[in-house]
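The two complexes that follow have chain A in common; it is paired with chain B in the first and with chain C in the second.
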Partner chain A sequence: MAVIDESGQAYDHPLYTTLINVPGLSVAVASIDQLLTWGAKNALYIFPMATSCCGIEFMATAAARVDIDRIGSIVRATPRQADVMVIAGTITVKMAPKVKRLWDQMPEPKWAIAMGSCAISGDFYRDLYPTVPGIDTILPVDVYVPGCPPDPQALMHGMLRLQEKIAAKQAGTWRAPELRPETEKMHGPAVRRIDDPERDPAITAEQSRQAGLQSPDAPEGELDWRGAEPVPVQAALELEALLRERFGIEDFPADSAPIVPRDRHLELANTLKAMGYSLLIYVVASHWPKPEGDTFEVAYALRSPNAGAKLAQWRVVLQPGETIESLASVFAAADWQEREQYDLLGVHFANHPDLRRIMLPENWQGHPLRRDYAADTACRPWR
Partner chain B sequence: MQGLLRGLVYGGLIITVLMTATAWGMWLERKLAARMQSRIGPNVVGKFGLLQPVADLMKLLQKEEIYPIGADRLLFDLAPFLVTTFAIATAAVVPFSAEAVGADLDVGLLWVLALGGLMVIPVWMAGWASNNKFALIGGMRAVAQSISYGVPLVLTSLVAVVFTGTMSLSGIVKFQIEHGWLALWPPGPGVVAFVLFYMALLAESNRIPFDIPEAESELVAGITTEYTGMKFGLLYVGEYVHTMVGSAIAAVIFLGGWDGPFHIASGLHWMVIKTVALFASVYWVRWSLLRFRSDQLMRLCWLYLVPVSLGLVVFAALWRHFVLR
Partner chain C sequence: MNARHPGPTSDRYRLEQMDADADLMVLNFGPQHPSTHGVFRIKLILDGEVVVRAIPYAGYLHRGVEKLLERLTFAQGVPIVDKNDYVAPMTNEQALVMAFEKLLKIEVPRRARWMRTIFAELQRIASHMLWLGTFALDMGGALGGGSGVFIYTFRERDYILDLFEMVTGGRFHYNTHTIGGNRHDIPPGWDREVTKVLDLIESRLPEYEAMSSNNAIFVARTKGVGVIDKELALGLGLTGPILRASGVDFDLRRDAPYHAYDELKVNVATATAGDCQARAQVRVAELRDSIRLVRQGLAGLPEGGINGGKPIKMPQQFKTMTGQAYVGIDTPRGELGTFVVAGGGDKGTAPYRCKIRAPSLHALSALPWILPGHTVSDVVVILGSLDPIMGEVDR
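So, the complex of A and B:
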């Protein structure tokens, strides 16, 4: 005689059909099952997949005040000994395979909590090229804890809901949230939408002062965060003199850095380093699409830490098809920064020791910070 | 036949009592740690969280068993059981009172030290068999540490042997009842020997500040990295039992065993009090201090602990020869 359970699966193994008819056995099995479930829900060891700011709230949850150890949850550093993965933070396309791998390394039975808007849906990074739009696209999530970031109490609440879910699944009373009668009640008009017509977009300074959004001491009008007028500093004069005398450059625009010829760029870096500009601050490129081809501007900044933190900045303009000499041989810090510019913009640095992608996965197509990069460029399997 | 029966009864008793005590020892540790961090610790599962160890056990029992690719299955399975077995077997010779002793061996101390030394092997097995770089490094560190700290451990035990003239643990206690506890008498060197023994004990059982074999910030979870479910539980319990039995032995050798202060109400309860106090102090230290670096650990052992314990042995011999006679 086959026994058919709720999901329609038939159990007709002779051992099963014999055992099911032993008086009292099903009660005993049910009791053991209950005991095991009680154990499972009261000793949820956490594997923290904390990638960004939610991780800070996660730490606070484990610390004094909320103290997740009260319900028997401790944090294990290895996925092999964890029961719950708490995904706290934005997951990028490069991170996603690692998260999936760690999830696969966890032993059954296991659960996942998506903590914070980014883990739930990607939030306002959702449409960005490297963001995974919700961790539930790669692993099954049991509890969503909304918030940006959720506070420790919210995560604790999520843990308690997970315990309820484990117990309800064992008791067979579990129902998915969209099937529950109270769901509609919960998602009523309580949520205030951003495009509410009642909301006035133009909040005046006086209104914000009244609302306590602005300090009473702040001056009238628009708040000027830029500070005092820029004054010509010694470093700018020093660099200008150097470029005039040794490099024959005459054009010094008031609002940006001087343009240095491509072939003398390495020489300039060496000269400045010898003058004490020993710290590479940044390497930034920008893309200028033109009918005849793509032009790139690469800006470099050096700092002289010993002589009053003087700053030297210059630009190199690359015509279509040109490459720029890498500064990695002069400044070790240029290595990764140039890789980043290569990764995001596709600027080629000649004689770079290791020109590979650094931020995005190796198999990424295109360079997302180029002006002609479409935001909806295919990025499998998410879009 | 009678001996076999006695062995079975005492063996069963020791395993049951020790495992139970260790389970709630873990609860005690969690509560102590919480107290030290202004937290509360387990308080939901049962009154004061007292059922927490049971819940942990129930959870561990039902977890999936995972063998990593390339793991040596036999050693991988064997290591957790050997760790626990060796740790419990040590307790067989510990005299909890004049009567409550599993086997009162003439060479009881030797048995303890030998089994404590053997603990290295299953730990190394676990590290090797996991086929995981973190586990392997953890295992190597554990071996290096245990072998190094085995030396001061044996030497400080030797101090007690030279003083008392016996290797039987109950003999050592009887000597202390007659002459005074070794940690207090002779004044000075006894305390030093006790402190060195305690430090070596911390290192042998891989506790902070000597827990580099499982340094979470570097090695994920050391030798237990690849272990899931109850096998992880056994490795974990084995370490706690090791600490518990180590505390009991320290109490026997240096704190007069079942002898009460000034011989007041001597008996089993004093042994329990001393053991639990030492056990708790291990965790007090654990949650207060940071861990040593590998090189600092070795330097501390070979440049300071070993010479000092050698000096103590010489002192003990002279004291024995000229004062005790």
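So, the complex of A and C:
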């Protein structure tokens, strides 16, 4: 707002509202509120809650081409020195308690920007067991920047919109836009926004404790594995001769790897390693439910890091209740690979040194990659 | 398992074996620390400033991608895997569609294979540029010397993303590969733009090379830090630049050629030291070779169709019988593979089980082996030198 003194001199600055005329001197007066707001909106320090792809675009926004420093925003990677939390990326149920805590650690006044479809609604992960369907179910969001991921320019636009919003709120001219009602297409879990007056307040306190806010660290050395039982295994291609002669395998299907008996699986891995197959490429279990129980097929592949990069693949079939011998004593890489299959499918690897969950929280129920596990399983209060 | 690296589960690192008077401290590093390159947590047991034990925790970005792929048809999976390794989405798409093509026995036209080569190598430049910038940021701090390098490398990376945007319309989630070929053909005049960008980046490469081998601060922070010897690198299943920096001369592009690599000669950069500096030097050397490969690819780009399959009208049109397929390709981070199981029958339109083999997962599993003995400030450098992308670690 511009103010004009007696001599016709105009003072144009958004802060000036009143002009006091003293002889020979003009003093423009602003309210403290206005001053603080003006300062706040032009020095928005950003706490980047960057979890995935949008975090890279957030970094590009801070880099030379778009340069978010131009509007006085710098990145402070600590919640205690930040004004705006930019949630850039998918928030999972394992991460959500941490995001909530970081948000609580930020001093008022504070604002939040949801950057990208995942932070806004969960995007195509919305229906899946580990994903929070929108960050506004956890904390109040001021500006939504849509895109997958949004361009750096879009985030810049979002920052400018936030500045406008801060100024308008102070001036009392802010009117919240009407929220579009959720359409039937917006399926997924019915978790209400945090600023929804109908949201049940009890959901945050008690249920968050039950949902495992803090996943306890795994106990040191106390592992629950079943006794070592042999497992079927299988190898491939020009290894056919080895398998035929030393392991007595006759069946070599054209479209998949041969099946190796469960009790000779470890021996095969050792033999192949001695033959130069020194890279463990994958350990993949798949679940085949049968009327008599859960059957698993565990596929392995080793690669020889030489010309030709030969791949040795085999499979082991586990009947209900059977376990498979861990390869962790042969390949250090098997440690995490087998933990992942244990976590997601519940296959037990005998004699594994450290068999515990790796992807999901320690207190998670069930194994999501089993065929009978509902993909959209809820996890209150986060999804 | 190895005299030099006693291993995370060896008795040497059992907490109850440690001296009770040593006054050990537990430091939680992450999951929101900016130097963890995403959301990743390491529990560090410290004796003073020296790490005596490191316990990594992954999974903070586990989004259930493999479950999602089981629920979608084959053709619908491509844009999903873009978001796995979000620094190199081109190679993600390629690893997925190549496995599906192998399973469905679909031939890819020669022009599409050459285009994929060009895309993969451009993506390698962009990915390594981002890595170099963030690695310098890890060492120099956001307000220190590191941010200078960060600004420069992001400038180069943006040029490459502009090139991809011209072809696909997307800055970095492209959805440009389909089963049997590519979706978008190269627009007229694109090769001139590429040449301009490559000339510009190549003229600046000596600066990056000089930094990784001569800059006193860079060398002091990286030389001899985080050594992974050959035996450990192989045992952990490390691939790509990390394996090559540990003295193993192995590259899938040369040793098991796919795309057009059987017609283009790949020079594989290796180093023997296995430390952070060696990993940096291998990556910077790959930049130069990638520029050369893109130039050759553009010069020899054949004419012809870009999609061997029928045009996709219904995603359900791809049906398989039973079978399994695995394809691994060399991405900027190592061997990225897709293992797909087809269930057959009425489930034939979607993968029965689809597993992404993430090179970053293997890279991070090295941490408990190499962190002990280093100071906390080196933890950041070592983690950065492994170039992990949490999107593909956790999926």
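The rule we apply is simple: the second predicted complex is superposed on the first by the 289 of 383 C-alpha atoms of A that agree within 3 Å, B and C clash if a C-alpha of one lies under 4 Å from a C-alpha of the other, contacts with A are read in each partner's own complex, and residues count from 1 in each chain.
In the analysis below, contacts are C-beta pairs under 8 Å (C-beta built on N, C-alpha and C of every residue); 3 or more make two chains touch, one makes a residue touch a chain.
None of these values were measured; they are calculated from a predicted model.
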For A:38, using the defined touch cut-off, is the partner it touches chain B, chain C, both, or neither? Pick first, second, both or neither. first
Pick one for A:77: touches chain B only (first), chain C only (second), both, or neither. both
In the superposed arrangement, which partner chain does A:109 touch: chain B (first), chain C (second), both, or neither? first
Can A:69 be said to touch chain B (first), chain C (second), both, or neither? first
Per the overlay, which chain contacts more chain A residues, chain B or chain C? C
When the two structures are overlaid on chain A, which partner does A:280 contact: first (chain B), second (chain C), both, or neither? second
After superposition on chain A, the chain A residues reached by both chain B and chain C are 63-64, 77
In the complex formed with chain B, which residues of chain A make contact? 35-36, 38-40, 42-45, 63-64, 67, 69-72, 74, 76-78, 80-81, 83, 105, 107-109
Applying the document's contact rule, which stretches of chain C touch chain A when the two form their complex? 1, 7-9, 14-16, 31-34, 38-39, 43, 55, 58-64, 66-68, 70-71, 80, 83, 86-87, 130, 133-134, 142, 150-152, 154-155, 157-158, 171-173, 232, 234-237, 239, 243, 248, 250, 252, 255-256, 321-324, 326, 328, 335, 337, 339, 341, 352-353, 355, 357, 361-362, 364-365, 369, 390-391, 394-395
Can you list the residues on chain B that touch chain A in the complex? 30, 34, 37-45, 49, 51-52, 54-66, 216, 220-221, 224-229, 232
Note which residues of chain A are touching chain C in the complex, please. 48-53, 55-57, 59-60, 63-65, 75, 77, 89-90, 92, 94-95, 98, 102, 124-125, 128-131, 148-149, 151, 217, 220-221, 255-257, 278-282, 284, 286-287, 297, 299, 301, 303, 305-309, 311, 313, 331-333, 335-337, 340, 344, 353-354, 357-361, 368-369, 375
